Amino acid sequence: MGTLNLDAKIPDGQLATKWGSHKSKIKLVSPANRKKYTVIVVGSGLAGAAAAATLGEMGYNVLCFCYQDSPRRAHSVAAQGGINSAKNYKNDGNTVERLFYDTIKGGDYRAREANVYRLAELSANIIDQCVAQGVPFARDYAGLLDTRSFGGVQVARTFYSAGQTGQQLLLGAYSALSRQIKAGTVKMFAAHEMLDLIVDGDGRARGIVSRDLRGGEIKSFIGDVVILCTGGYSNVYYLSTNAKGCNATAIWRAFKKGAAFANPCFTQIHPTCIPVSGDYQSKLTLMSESLRNDGRVWVPKKAGDKRPPNEIPEDERDYFLERRYPSFGNLCPRDIASRAAKERCDAGFGVGSTGFGVYLDFHDSIKKVGKDKIAERYGNLFDMYKELTDEDPYDVPMRIYPAPHYTMGGLWVDYNLMTTIPGLFAGGEANFSDHGANRLGASALMQGLADGYFILPLTIGDYLAGAKLSKLSTESSVVIDTENQVKERLNRLLSNKGKRTASDFHRELGRIVWDRCGMSRSAGGLREAIKMISDLGDRYWRDVLVGGTAFDLNQQLEIAGRVADFFELAVLMCVDALEREESCGGHFREEYQTADGEALRDDKNFSHVSVWSLNEANEQCELTKEPLKFENVSVATRSYK
Amino acid sequence: MALSDFYRTTVGKKVVMALSGAILVGFVFAHMAGNLKFFSGINPATGSYKFDEYGCFLRQFGSEIFGYSGFLWLARIVLLLALVAHAISGISLARLNRLAKPVVSQGARYSSANAASRSMIYGGLFLLLFIIYHILHLTTGTLHFRGFVEGSVYANVYNGFLSFPVAFFYIFSMICLALHLYHGAWSMFQTVGLTSSLWDSRLKLYARIFAYVIFLGFCSLPIGVWVGAVAKPNADVKVVICQ
Amino acid sequence: MNFKLKIWRQKLGNSQGFFSDYLISNIDPDTSFLEMLDILNEQLVIQGEDPVAFEHDCREGICGSCSMTINGRPHGPNRLTTACQLKMRSFADGAEIVIEPWRAKAFPIVKDLVTDRSAFDRIQQAGGYVSVNTGAACDANTIPVEKESADLSFYAASCIGCGACVAACPNGSAMLFTAAKVAQLSLLPQGAPERSHRAIAMVERMDQENFGGCTNHGECQAACPKDISIRFISDLNREFITAQAKKIYGKRASRRS
């Protein structure tokens, strides 16, 4: 059992008043003093850009980093479907409480009540803020905001901009960030990748070591507080819906420096992606979940039926989601829809050349509302599908299959979003805070922006006002040491004269993790995976070939460093999955299921956050449990039947 | 100064081009329409060429206010200013654009740009030369060499076009002018923000029809002379006394 | 499928670039263009050669990272398609494919196919925002926005900032990019108060960044993977003229008072 002394710092009082009273008691930095503090923000996605912009507006001196060549390209840009909010514009009973409840239930009762409630509470402000920034949300003919429903819920609370909501929200945050860059409060370092965290003698996070991806320069940046908004680690699977550059290096380096990692095995497999077609494939393409509003998911009733979909008569089709989950049907949550599709394919009913695919059929909707209406709702997605597969979804049903998409796990943070390293905060997908074991659709954008716009800017002031920071310069020995470690690691990768590329290793790693720690897991498979990954990881350091130098734009070197960290993280994922002997949300252990194949949760033994940290010697991962208390919802078996 | 700030931007230069271009487009149309008088023969009431009378009309126009040929000179000054503004802004814009694109992609293929849009600067510079020649040829007669007589517009034009190289040069210049208008007559609307998706394509079509009309209208004179559609100038026809 | 690739190689921005020929074979027709380059790069690494540097990230046509001119067309031969979405089945087997970086003075080459597009960020910084601080917003439905305007604003906002418009423009102009951003904000009531300042500031910044001027070729629109229309350029021109007129008139008016 681990030795961490975890204090989530949940404020006292009623659930509904916790955030309000916390805000009024929190320590503040006076406006005149803010410019004396330097805040380092790593990542420029929704959480990072929003935090950097807001902190800049408040008067802090902000340094913002991203690995992309422009902050506008962070992968939040690719989110399609929408953003949830507790606004009751549809008069359908959408309230803060209901959004809170849906999120807790959707997360299979593995998230903190207080955090989730705060998220639901802030969700309304987010929409206001984004509209004020000029984010062009979809509107109705009265000129008011339109909403739609999304998987796992029965109210229409999702605000959207066609299938490009993430792009529009990110551009909103990017514009706010741009304004602060112009104002001089934020200094932007694009094409800079954080390679390590600087922790001072008092154990506080004080800066980062970064590499200029264009010129290769290794440089340290010192500040008073560091915020990581560096996204998730789905790319551990190699094939995922994440961007190619998405990586876990920042959070993994923080972990190595003492930040605890929570629930690493909670990963989300998104049900509606375009199936894999060949070995050459470098990424998977998501088709927005909103498609399930109008599309019906089915496979042939006869295993191995190779007839073209349009020739299979209605009564020979198995609409398996509608069959298994009659009340939610095609709109059941992601983990459930994904697993149901996998179950059918594993049983031999899958479609397409590989047999790993199910149909998503729009014929009935086109018949009902017309092709024009469907085109208006999903036109860009249909076009994209056609471009990628050479098939027209207006005529032929789409083929979809689940793919790694989001990681609920991440750096452990308290209510203030601070990790176990004082002065190190984590926001957005990089932390573990709000989604439990499964994230509901359209909630990632909400969480990223809540963290960035409304939570971090306040809690950071609280930390700074109370922190006594020692002097630290780029000449200090801890800084030089950290810098040297980074250089050493790069040199080790570069001087290796192996035979395989880092991507090649990454592909192999991905296959191991996907097969054994993907949509379903078993003790045997996980043990096997841990062994295989460790072996492959050892071979990686012996046999990887990078080439080029460190003093130049070297994309192979970037990949090699990221893959090295994925190896270590993958082991922890498997260890965590092995330890969690229950099925909940995205984590499905084959040993723990009901007779009809539904997940079997064990609230008695596993109603906790699994918090992993390195021991004193920095060698062994240790588990500490943060118990989850449910005082406002009654914990029940999650049913969408 | 706000106005010079405006002109310093690329958009400002383009607006100057569009506005001066609009003046020139208007002039070109009026010039072409007036030229068609070339085919209207002799006025039976006066016994003079209608074309010559038209020339006189232009000089007398507005004389009650501006005095004899006062309006004509006013128009000439406006046209000259428009031409100078058009040329200077066009040349400086072309220079900026060339600097902004120092290397062109191998086998760059254009799908929307056309010969007209790509040749604006070259066509424009050529038209500048043409205009100078044209004035020396048919306005002052300096380069006429075939018995230029001030006021005998019909005879001057007819005799001028009898020279094949001259007629050819005129037709070639009109090709350049039409090409220039083919792009410019639409482009000026876009530049001042008067296009919209609604009638954008229609406007483009009108601009192109306009270019053809101008081309045919102007070319009808030299061609008319060569195919014999108009009569040889007759020395007996009464000369218009214009004052 | 097999291809003969002719790829622009340039070690550093200021060094001399040149075309290098590469043969690549056994490519599945469903491979994307960038995956084909991945395969090439892995081969180059194994052979101890310097792999081709190119920008890429999301690989689903939304981040705007990928930026290469393929056979003389930015993002390649297919309309409304970024290089990452382009599949090799779009080319004939055995074809020669010429791959180049974006060509424009404002986008200096960093290495091989990678260019520096930070000029776009600076145009945005000049005025591509609504000056509202976090927390200062009123309820989102307080100001209704006509659906047509909202839709048009979204259409303009769908620009991914890839720079294909600049690469395609014979003048290396960034008018389409700038116009789309200006249009997005001035079509909405939230962006209206700053519209004059925005149009002037962004156009001036664009000029300072060494982009050329627009001569209405329409190449940008043809190359844009997101189908942004040049009608927004017309709108920007009008916006700019109005703003300048206001500025000139405003100065006189203030002098009078």
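Labels A, B and C are assigned to the chains in the order they are written; within every chain, residues are numbered from 1.
Just so we're on the same page, contacts are C-beta pairs under 8 Å (C-beta built on N, C-alpha and C of every residue); 3 or more make two chains touch, one makes a residue touch a chain.
On a predicted model such as this, the values are computed, not experimentally measured, just so you know.
The chain closest to the protein's centre is C, with centres computed as averages of CA atoms. When chain centres are defined as mean Cα coordinates, B lies farthest from chain C.
As a whole-number value, the distance joining the C-alpha centres of chain A and chain B reads 65 Å. We define each chain's centre as the mean of its Cα atoms; on that basis chain B and chain C are separated by 38 Å.
A separation of 27 Å divides the Cα centre of chain A from that of chain C.
Listing the residues of chain A that touch chain C in their complex gives 50, 53-54, 57, 68-73, 75, 77-78, 87, 89, 125, 127-145, 161-162, 164, 167-168, 171, 174-176, 178-179, 181-182, 188, 190, 214, 241, 243-245, 277-278, 280-283, 285-286, 383-384, 387-388, 390, 453-454, 457, 499, 501, 503-504, 545-548, 552-553, 555-556.
Against chain A, the residues of chain C that register as touching in their complex are 12, 27-28, 30-32, 34-36, 38-39, 41-42, 45-46, 48-51, 53, 55-65, 78, 80-81, 85, 87, 89, 110-111, 114, 116-118, 120-121, 124-126, 128-141, 144-147, 150-151, 153-154, 157-158, 160-161, 184-185, 188, 190-191. Residues of chain C touching chain B in their complex: 6, 19, 69, 71-73, 98, 100, 103-106, 167, 169-173, 203-204, 206-207, 210-219, 221-223, 229-231, 233-241, 244, 247-248, 251. Those residues of chain B lying in contact with chain C across their complex are 2-3, 5-6, 8-15, 93, 96-113, 117-118, 120, 183, 186-187, 189-197, 200.
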